[in-house]
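Chain naming follows the written order as A, B, C and D, and within any one chain the residues start at number 1.
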């Protein structure tokens, strides 16, 4: 048995199943640099906040800039559907859990007001921050040029699964190469999880690639439609495409692992898997400054016919600065993401994130202690 | 050690252990077709309701037809043992849990009334629905011809494990090729889980094959007798047999994965594993229209000597239409099975179910969140 | 990394990790024979009750005989240390849980009275039952000849780990070949778990081999000293030794898998792994007729310095007859072990246990449902 | 998919995932010797107590010596920061759990008083015990020579990850070969987990190597920064380096597996993985004699910016003598570590720890019983 199978299955891995191997050389964390670039844009830290309405408002994008990172504004969310998005957020937050999916479906059926996109871009640019706005492929061609005209520094084109070739009755598939020629700002596209699609997308001229389909549990894409690839394997695949593409063309496309992160250790593992940056939602939705005030939800959630995921109560854990840089007295890895990254870089002897790409990783299922006692190491 | 083992063991996989990889091309779900055929019969959707008394009554078979699928009537259950099956169902439903196995054993010791089979076939045919009736191998030869005469459109021959060659003292093994010649309607046979048995059964001339032995947990066949193969591996094996048989003979035998489904994602995974259709019990027993009114039980349960499984309270979750097509505000994958299938087909760039057979799948143990927070993707 | 390791590790498997694949031919359970032989002794069923004081008393050995199996009496337990073992059992049973390990240590420090061994053998033989008595290696040479003289039909030599070559200061290692020459009744030896040791033991002339070191959880040998091999792999190894030995010598040594069983499915899996019989403790300690009246404990438990395992409350589940043969309304596999075995044999097309050895098995981690609903199969 | 990955991942293993295979020869535990040497120092038992403030005080080091082992004093903990460390311990112990990380950060910000190091060494030496003191790499060069002058018999240099080559702005990397030349007492260094680093460290002339990065759960290094290798694989790697180094140079460097132990079985598994000794924290923090009086915490915990781990309540389980040698009526493997080791050695036919290195081990995931009943073996 088993000799005759309809297809072969390979093993894939998520963050919880791997661990980083310390290097042969170690360095002091102070010596590390965590700079990330996407096209012509450079950032002090390789961390982006997801285009989720509970995480990134125009104000939050400004805070992310102050911290050295990037907050991406969802240009199809409450901020561009409502003049006063904050009262809508208030209603979402106070909606009872068993009615919230239906309520979100209603909230997001309100049409996008294109004039609000420019207005939100201005709000961000006025603070001096880098401005990135995200669209779905359907709306990108029409809505992204005015956003760039209004000052947006980066366009993010994002859907659950994005390929270079999409077939549709209702709109002509977006041609990324044409878009890129037209916009003249860095374009980041996603999400994808395989070598082949990553390569095809890179060949259209994009500057950054978002990696991740069905990575988490709140996003129930994997539960509802069965589709998804765990983030370590997805990143390993797309990073291999980046290397092959770079070797052939000399152009370096940044890989941003998007979603499924729980701790600083997960961020470090994404980097060792080949990521140039990471995009996080919930950890930022937990910031004091987040517009969701302790709640978060995804864009697949209010899908009118096939809602996936739901509004979750993530709580408020501290200031954005504490979450990114500490100091913290939390010992569970959910704060001081940058401290964790720098310590991991030190343990792997990595001066830069590109050095960290060379670190080793092993398959090591996460430890479940279940109330047993254990030994602490120093 | 390990160099000398009495036999080799290969790894097998269930739905919870795999995930579908999105394709290189994506299409809009509206462009997909989900048609399934079994022999000369065609169905709009590739979904059957199991021949379980708590799921399919003559009335429910009619509803399934209206929805584009097929409800198989158990021709050896309460509907053919009792003039008034509904009062018996009432008694089963209201029986205390600790007495129910014994009570089911008593209910199913009442002899089958052959005249009731024709009567139930008429009830289904009178609504205009396609009528499929299921028998165990022991009774098929005697009971299925009158059922076809009464108008049944398909005969299903089903036992826990079915092979082309069965040895018995008490009845001459059913010869499928003779049965098929005699009946002149499509014949579906099951259950089996291996390449070799699938091939042997196809060679007898059957039109459809039911795949699944011990797939779920309520069916405790795997617990009680240790026998069973997880559904992904079972489907991969039987689909390989279908391909080889088709290549050799030009005749296409449909593979129907039967049992073990919990979400729409599981249905999608069965299809990618090579299934042409799926058979579900509990999700339909949860319909408002189901005769079990929130309860379900299997035919191995009332086995007089070796009961496996038990009556389970599955609850009532919504209308049959909501379960199959939504719209739903449930986000856990237990509703809108067809929406999920069409979205998965879109993500895999599959216009038809045969296209979906070409999608890739990876081994990816299911995510256990255990109250931890997580990141949502869009 | 990983290229330089101090030693290689191979994967091993337990009952919960495998499933039996149904055969290409199926037969009716009524056609199967479950006969087991050990040396010159034949038994209707391949099931032995462990030499544990809570499971097998002289009376229970007689009941096992009536059922077609064999109950092994622990010749170093309460029955041979105390004139009136039943009042001692009473005290063990009523001892508070937190004092029971210490109390057992005290109970088993009472010396064995050699005259009681013959008396217990007589008690068993007087009922017409086959009599098997078990000794530890230290006492076998001195105590087993009088037991045989008193009428014992089989001698079992058992310790946690037994090899053909044991080094000790305090007693000259038992030479099995000398013992076997002297006793002239079948000798069964254990426990072992590897090909090499199984082969060496077979070459001493033994008739049966007990397989299992640290297989269960109550036996905390694996927890306390880290030593143990899961039962499927252990049986696969020892059965390979049996086959090689049989091919070379024409003498068939029976493999009895001892311990770690929870359900009828586990028994079936042991047989498919190559066992000729199984030895169970707790399932028999749960019989109404068991001397432990709902409690059980092992001989590693009262070890004076390194107690492993503890007295566990196993409850009383039904008569011995129900446990072995049903009928039962329990659907969890813990009753009707013989019914389960015969059904599995039918599903695998096995007329005899030697045929069942040819069945296939796959690695298939056990299903955890955790309150989720599921589909039942027929 | 999967054919193009950015890097390959190998599987690694922890204690819970392996089991020791009994040997072909068995011996009586009384015949075994458990002697361990580190450089010129010899110990009756291969067990060290970790340099954790809750486990080893000067008094406890003396008790460990009486028992035949070694207690390592943390020369950068409360004992060298405070004249009266016992009142500080009292405060740590009585601090509420949610304030304890912050409080520990404060406690360990008090500077080390170098004169107290010599004083603590004297306290230990005055009892006649072997004295080992541990430093971090930053302080070793300055603080260890006076400690040796005061009488210390061994210097331990320990940080979470230690390599032969460390780059830093703030202090010139410690050169181990120079240190070793200067000190003239055995030097033990750690922690490391890979073949290459182990080899490089051995080449500097060290006498012992501590193995373990992120092995346990209380140490949340693996959670917070993602770095760590499970202890079985880490020990297998470092032991391979020891063998290669020994073959080439004739010098034997002892491998001490540090951390992650829960039971005696874990200790046995470390030895079979190639360890010459083990270092335990929590099991000793559970001794009646431990200074933490039922609490324990690690040195990564009070890290000012990136605290990992926390103070845990480990309880008080018995005297140090009971923990090491029994007798015990505990049956869960958490007492009588030496009894367990000797029994395992007997089962593997190992007269010495070097013999135990030759035993086999298999991958065998730990058994979860979850309240199910089970069979006990003898």
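Going forward, a contact is a pair of C-beta atoms (placed from the backbone, for glycine too) under 8 Å apart; a residue touches a chain by one contact, two chains touch by 3 or more.
Keep in mind the model is a prediction, meaning the values are calculated, not measured.
Student: Farthest chain from chain C, comparing Cα centres?
Tutor: A
Student: Over half of the interface residue numbers used by both chain A and chain B, so same, or under half, so different?
Tutor: Counting which numbers both chains contribute, under half are shared, so the two copies meet through different residues.
Student: What is the distance in Å between the mean C-alpha positions of chain A and chain C?
Tutor: About 56 Å, centre to centre.
Student: Based only on mean CA positions, could you tell me how far chain A sits from chain D in angstrom?
Tutor: Comparing mean C-alpha positions, chain D is 39 Å from chain A.
Student: Among all residues of chain B, which ones touch two or more of the remaining chains?
Tutor: 1-2, 10-12, 21, 194, 233, 360, 362
Student: So in the complex, the part of chain C that touches chain D is made up of which residues?
Tutor: So the residues of chain C touching chain D come out as 1-7, 9-12, 14, 17, 50-52, 101-102, 105, 158-163, 165-170, 191-194, 196-197, 200, 212-230, 233, 258-262, 280-283, 286, 296-301, 304-310, 312, 314-315.
Student: Residues of chain A touching chain D in their complex?
Tutor: Contact set of chain A toward chain D: 10-13, 15, 18-28, 30-31, 194-195, 232-233, 235-237, 239-241, 243-244, 263-269, 272-274, 326-333, 336, 339-341, 343-344, 347-349, 357, 360-365, 367, 369, 372-378.
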